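Presented below are the structures under discussion, each in the form of structure tokens.
In the two assemblies presented below, chain A is common to both, partnered first by chain B and then by chain C.
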Partner chain A sequence: MASKVFEWLDERLGLNDMYKALLDRPEPEGTWWNTLGSASLFLFIMQGVTGIFLLMYYTPSPDHAYDSIQYIMNEVAFGWLIRGIHHWGANLMVFIVFVHMLRVFTTASYKYPRELTWVIGVLLLLTTLGLGLTGYLLPWNQRSYFATTVATEIAGLVPFAGDFITRVMRGGTDLSALTLSRFFATHVWVLPATLALLITAHLYLIIRHGESEYPSEED
Partner chain B sequence: MGRSYKVSRRDFVKLVSGFFGTIMGAGIALPAIGYVLDPALKSGGAREQWIPLGPVDQYQVGVPAPFNFTRTQVNGWERTSSSYGGFVVRESETDFKVLSNICTHLGCRVAWEETENAYVCPCHDAAFTVDGEVISGPPPRPLDEYEFKIEDGNLFIFFKEG
Partner chain C sequence: MDEKHKQRVRERYQRALQHGEKFWPDSIYKDVLVSFALFLLLVGLATFVGVKPEPKVNPNDTTYLPRPEWYFLFMFEFLKFIPGSIEWVGAILIPTIGIVVLLVLPFIDRNPYRHYSKRVLALSVMGLIVLDIVLLTVMALVPAPTPEQVFFKNLQRLAGLTIPGLTLVVLFVLARVVREPASQRKAMLVVTGLAALGMIGASLATVFPLAASAPPKEEEQIFASVSEQIAAGQDLYSTYCAECHGPEGRVTEIQGVEGLDGRIVTAINSNDVMYTFTDETLRNIIRDGWPESGMPPFGMELSPNEIDALVAFMRYTWDDRIEAPAEAQAGGIPALAEGEVPSYDVHIEPIVKRYCLSCHRPGKENNNYLMTSYEEILTTGDNAPNLVAGDMDSILLQVIQGHEVEGKTGTINVMPPNGKLIKDEYVQMFIRWVEAGMPQTADDAAAAAP
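Moving on to the complex of A and B:
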């Protein structure tokens, strides 16, 4: 019965072909280092899921941001767990993405024809860091407030445009409700959507070119 | 190479991933369900109270007297105040009835209309008699009553959350 249903669907959707093209593709001999891209992808999905759950209670306004986080941590069942996963997952994601990049670098996998995979990879790293930066402000506690003060101040050191960049990031001259809501919007929509698109392109290129062989002694 | 294995390497990997995948999935999904349902499962604490409505003498026989009171409750990280109200109906020197003003159809607030001699609901045009019986419209039952007591000539009603 189940196999009949599957056959019916497969005939129309091409599930088997999809499986072969996406997951059952030929791979060169690899090591655990080759799993780091998939680990990054897994972490991205996990951040997405736990992030959506946090949104159920988090409120991006200076009056309520701090209290809503206290509520998540101390009152909601498993709130500490969901926030903990999101918090540590964020740190781990930056780390794993970075190590993934180191692995691609040390195995020289960025060379022809994978230059664009690398370039998109750089954007992936920057976007991931951007998520970390914007997420850090959201709890609206002393530490996040001053971390963002410092970060936007540093952005102000850019020659000529610096002042303007700081204003754009803060939504004005001071850190305010406007800063919080633009960081929030960037954190939950702009950057995740960007990251999802970039990941799609990254994975398309990986499937298109296949994964690289590790360099041999002759290389 | 181990051609004689009963379970192929591939199947073994599938099985192990499936097993740990299920444990991890459940480990996330079950807490997540608790997390989402949590506020629905909590009660607002002891939400029962006698509310004073003043001396009985001020209520005239046959004239519904509206009253209002507000309760604040902590919901999450915020205090929410809700207002409640109703009518004290003195049916005779000794008989009282305290009606809620919440329409029994879908919860709008009814108001006493002198000219129609009825409580009228603005939402779907229901009308209730002075002691709460349905005259016309969709409500399935009479207006709800508050439990009350009279102590030292003062009227109190019993308020229960929800």
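Moving on to the complex of A and C:
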């Protein structure tokens, strides 16, 4: 019965072909250092899942943002755990993505034919940092408020366009409800969607060219 | 890159695949294991370290020192080396160059080789930059040198900017000048090694003394539960509000307060206030004041968390539509059992806090009689001593029973001054306390009991 169901599905979905193309691939011998990419992906998924949970209770308005997080931490069942994982996951993700990049640099895996994989990887790092920056403001506490004030001030140092950039980031001259909702929308929608698209391209390129081998004396 | 080289790369990759592994299950197994370990790590961090509580936003707090996330700290530290007039060079130009170089790295790095021994330049540059990032982060974690500590400041600049900057230049010059591969490699490794030692040495020489000089930091109070909020709100109320509004919020005419004497106000414990003002309104009035009615703003003195605590105290104590949580019996002045001797810690301090402290603290007009601690209550004041063990004519006992007393400073008024004595029950506590010799702790009181 089970094999019949599988055959029926395979005929329509091409499960066997998928298995061969995605999973049953030969690879050069790897080490534990090769797990950093998948670890980054895992952390991104964790951030997505915990982020969606937080989204159910979080209110992106200056009047309620802080209190809604207090509520998550004190009242919601396991809210402290979800928030804790999201908080630490964000920190760990930046760290793992950075170490992943160092590994790729050290083994020169960005060279032919994997140049584009590297370029997309750098974009992934930047998007991750952007998520960290925008997420930092959301708890609407002293630390996030003043850190964001400084960050948007720094953006204002860009020659000529600085003022304009700061005003766009803040939604006005000062940090306000508009800043919070802008950072919120960027944090929960724009950047995660960007990241997901970039990850898809990154993974496609990895499957297309295969994982790189460790360089030998003759390379 | 020519076709022949590409061909060689492809061939070698095919050979590597021959004696490699399978994605499933060999690689996946390792991936899953690492991800699972990270998951456990995250749960552990969330459970045992948690998220550090932070006070609510308070844009008026100009003393707050902003700190970026740890992964931006190195930038923050690096910026300190750049003079303010060209801040944009450090804040915008250098990071932008860094990002662009990273993005187009595969196209800049024309070296076709991959083995470590043939990429000494690239690896040295990476090593130096990573080391600099780590050292800058460490330097950002300890207190910055004061303007007088010029030596430390220069040493940090040397470690974080001068040495790595110059070494990068030297490395690229070496790549051009020394063409023989073996000696080039050797020269680069020596230069990088020396530079790394210099950077580590210079930065650690500043980090340890600076870390030792860090002042202990004061943490702002954050209240975990409603009961804690109410208890804290009670103390704040007694300190900041009771002087005008009275210990129970009943006052309708302010008495004996400089500048506001005789002012008619609404009793803030009344239903008029409790039913018509929302928490938000109360918060705003406390923070920004209400000039027409004489209410001064407290936004500079009190943090938003403290204002929240005050509002919680008012709401749970005076609003008859809401019942306070059982464990939060606001005020906490315990009743005295038959034959029990009161102690300062358990009985007297809460009464003093609620009824006396708002005036009898530093900076108020009180004949220098301060009541913030046991010692102060016994010893301070222009008419000291105000309390003498066993003496029923002690000044404090007399005035709280409604008798004026002649002292060194002239006539001492009845206390509290707004014409309403504290509850007789509390007066009795004071009398029995003085009779028993004014024990400080509950143990002392028990020992003094007959």
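Operating definition for what follows: the second predicted complex is superposed on the first by the 219 of 219 C-alpha atoms of A that agree within 3 Å, B and C clash if a C-alpha of one lies under 4 Å from a C-alpha of the other, contacts with A are read in each partner's own complex, and residues count from 1 in each chain.
Rule of thumb we're sticking to: a residue touches a chain if its C-beta (ideal position, glycine included) is under 8 Å from a C-beta of that chain, and two chains touch if they have at least 3 such contacts.
All values reported here derive from a predicted model rather than from experimental measurement.
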Given the superposition on chain A, are chain B and chain C in a clash or a fit? fit
Of chain B and chain C, which one touches more residues of chain A? C
Would you sort A:Gly14 into first (chain B), second (chain C), both or neither based on which partner it touches? neither
For A:Tyr71, using the defined touch cut-off, is the partner it touches chain B, chain C, both, or neither? Pick first, second, both or neither. first
Give me the angle at the C-alpha centre of chain A between the C-alpha centres of chain B and chain C, rounded to the nearest 10 degrees. 70
Return first, second, both or neither, reflecting whether A:Gly172 touches chain B, chain C, both chains, or no partner chain. neither
Just to be sure I read the superposition right, which of the two partners does A:Leu81 touch: chain B = first, chain C = second, or both, or neither? both
Pick one for A:Tyr57: touches chain B only (first), chain C only (second), both, or neither. first
Rounded to whole Å, what minimum CA distance do you find between chain B and chain C in the overlaid structures? 6
Contact residues common to both interfaces of chain A (with chain B and with chain C): 81, 85
Taking the touch rule as given, give the residues of chain A at its contact with chain C in the complex, in rising order. 22-30, 32, 34-36, 38-39, 42-43, 46, 62-63, 66, 73-74, 80-81, 83-85, 87-89, 91-92, 94-96, 98, 102, 105-108, 110-115, 118-119, 122-123, 125-126, 129, 132-133, 136, 139-147, 149-151, 154, 157-159, 162, 175, 210-213, 215-219
What residues on chain C touch chain A, complex-wise? 1, 5-6, 9, 12-13, 16-17, 19-24, 26-28, 30-31, 33-35, 38-39, 41-43, 45-47, 49-51, 54-59, 61, 64-72, 87-88, 91-92, 99, 102-107, 109, 112-119, 122-123, 126, 130, 220, 224-225, 280
Give the list of chain A residues in touch with chain B in this complex. 49, 53, 56-57, 59, 64, 67-68, 70-71, 75-79, 81-82, 85
Which residues, counting only chain B, touch chain A once they are in their complex? 28, 31-32, 34-39, 41, 76-78
